[in-house]
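Below you'll find the structures, each written out as structure tokens.
After this come two complexes, each holding subunit A, first together with subunit B and then together with subunit C.
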Partner chain A sequence: MTGVQTAAGAIEAGIVLSAVGGRVSAMAAHAGVRLPVRTHPLHAFVTDDYAQGFGPIFASTELSCYVSQTERGQMLIGAEFDSQPSYSRQSSFAALRSYSYKMTRLLPFLRDLRILRTWAGICDISADFSPIMGATGVDGFVITTGWGTWGFKAIPAGGEGMAELIATGRPPALIAPFSLDRFRLDHVLADQGSAGTR
Partner chain B sequence: MSAYTDTLSTIRWPDGPPKKSYDVVIVGGGGHGLSTAYYLATRHGITTVAVLEADYIASGNTGRNTTIIRANYGIPEAIRFYQHSLELYQGLEEETGAEILHQTKGIFWVAHTETAMRTERARAQMNTACGAKTFMVTPAEIKELVPQVDLTGGGRYPVLGASHHVEGATARHDRVAYALASARRSAAWRSTSTLASQACSETGMAAG
Partner chain C sequence: MLWLDCPRCGRRPIDEFTFGGERRAVSESITDVDERDFDEVWIFDNPDGVTTERWFHAFGCRRWLTARRDTSTDTVVGVS
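So, the complex of A and B:
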């Protein structure tokens, strides 16, 4: 890898990192790298304000849904990703109905709130539901991907680990197990039950 | 303007077009791309870095997720990694000087069946062994901390117990991206928003 081609022209690079999200498979294919990643939409919504306040984050892994209150007072609800892979960011009424049904059983006060806004993201989900960080097999091209529905919480440690890998050429111990090689070596990190989603 | 926007970090966009060459080019101006650039600058002194983003900063999943920070995973490799990340988040406001609205709230993962209870018990034990704070709580304890809960689950999803991940937190997602992109200690790296990484041609990333 010698650089990237952009709309503003070619840029040379000592090393290229793909930190692309949902569309990572297409990006990696430019370098001839095939990833064990599929992209699935995930939906979320917020309600209008809940005046009483709701302190914790509340989740059911069996029902694959979770709720918390934003700093603005809205109730924020998310759930499982769509089983059908897609690059679409369109919201789905079916998802909305499913989450609403489950969460109102556990937290009946939600029935009195109106849904204010709904949106979707497209999640790069790896074959073992764990992220992929490190070498790609192409010289000068490294990757951080497979962040699925758990990438936000990993932003500081993922960035810190990838920076050390780029600076030193070696993955630090904390990210080394998450190499792309693990799929070839059959050292998969299967942890779907902790994804908070399925 | 509001109290909210008044305290938002300011990103210093580069003047003019990107250079012809950088030590590191990062494709993707989301949380992980920006974070890598931030740590390259602050921990390794590598500042000749370009972050390419086809849309606006944090326009992908970084700005779309439900902002939960937790380390209650089921396998040691993941627990250790996410616990470290959770701890870095706890210090991120102080380190960057940016308000990311980080709040430690605690997370309840409730179980509705005995099978799920076993899973949560195993999770609590594995978390404890690997440095994450997760403990089992009874329905009565859940009710005390979450008074709004219907422990019968509407007669359909009874709450038998939960694992309580006490350091679980949230932070405002776009503020995290802005904190890392504005990166007061790493002003030298350049974040270019005008480039379309999706516009890669067939030769795309030129393999060398």
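So, the complex of A and C:
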């Protein structure tokens, strides 16, 4: 691959990196790359303001849910993604009910708060629930995807690793186990439990 | 998607079912036997649109069914 076509014209590049989230299967298909990735909706909501400060990001891998406080004081709550893949961004009452139940089991004081806003976004999830970083088999085309599970926790380190891969042509040790060919080599990563969303 | 029409049990809540993955034929263009196995096990079409997939009625009749579902809206088109 030597460049990309965009609405604003052609852009030449020595190496093209796909770092999209949400529709990576369609993006990779432009380069003829097929991926072990499915796209699932993930729901989230915020409550009204909680007066006290709540420092940590609090997650349960047992119940699959997490909560953190935004800078405005709202409690931001999310949980597992829908079991069936889809590109729907319709947030559902069923998800709201399930997340509320789980979260108030963990932090009963949240019962007194009201839900302010709810939404759903789409996440690319790999077949072993770990991100995919590195070569695609197409010369000059590298990819970082499958972040629907580890997302905000590990993406900054993943970005640094990809930058080193592009600069040196070799994946650094930190991201090497996350190569796309791990599925072909039977080296899938058994870290499903650490994701906190499933 | 909140409900699924099981051919045996009727309309049941989606929580009773387990998603079993997309059902598709491996492309004829892949001829190598190992490549065909790899494609079938690990690769997903992951389409944005109507797709055929398998569902298991885990908390019902415990039988498999085949559903046509539109993934752009997460709505079921048909069940067999």
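Quick note on the criterion: the second predicted complex is superposed on the first by the 197 of 198 C-alpha atoms of A that agree within 3 Å, B and C clash if a C-alpha of one lies under 4 Å from a C-alpha of the other, contacts with A are read in each partner's own complex, and residues count from 1 in each chain.
In this text, a residue touches a chain if its C-beta (ideal position, glycine included) is under 8 Å from a C-beta of that chain, and two chains touch if they have at least 3 such contacts.
A quick note: this is a predicted structure, and the numbers were derived from the prediction, not measured.
> Return first, second, both or neither, reflecting whether A:116 touches subunit B, subunit C, both chains, or no partner chain.
The answer is neither, since A:116 touches no partner chain.
> Applying the document's definition of touch, where does A:184 land relative to subunit B and subunit C: first, second, both, or neither?
second
> Could you look at A:38 and tell me whether it touches subunit B, subunit C, both or neither (first, second, both, neither)?
A:38 contacts subunit C only, not subunit B.
> Looking at A:127 after the superposition, I want to know if it touches subunit B, subunit C, both of them or none. Which is it: first, second, both, neither?
second
> Among the partners subunit B and subunit C, which is in contact with a greater number of residues of subunit A?
B
> Can A:23 be said to touch subunit B (first), subunit C (second), both, or neither?
both
> Using the touch definition from the top, say if A:87 reaches subunit B (first), subunit C (second), both or neither.
second
> Across the two complexes, find the residues of subunit A that touch subunit B and also touch subunit C.
23
> Can you check the complex and tell me which residues of subunit A touch subunit B?
Checking each residue of subunit A against subunit B gives 1-23, 27, 30-32, 44, 52, 54-63, 66, 68, 70-71, 76-78, 102, 104-109, 119-123, 130, 138-141, 144, 147, 149-160, 162-164, 166-167, 174-175, 177-178, 189-191, 193-194, 196.
> Taking the touch rule as given, give the residues of subunit B at its contact with subunit A in the complex, in rising order.
17-28, 30-40, 43-44, 46, 50, 52, 60-62, 64-75, 77-78, 80-82, 84-86, 88-89, 92, 101, 103, 105-113, 116, 119, 123, 145-146, 148-150, 153-154, 156-157, 159, 168, 170, 172-173, 176, 180, 192, 194-201, 203-208
> Can you list the subunit C residues touching subunit A in their complex?
Result: residues 1-2, 14-15, 18-19, 38-39, 42-48, 53, 69, 71-74 of subunit C touch subunit A.
> Hey, which residues of subunit A end up touching subunit C in the complex?
Its residues touching subunit C are 23, 25-26, 34-39, 41, 82-88, 90, 92, 94, 127, 183-184.
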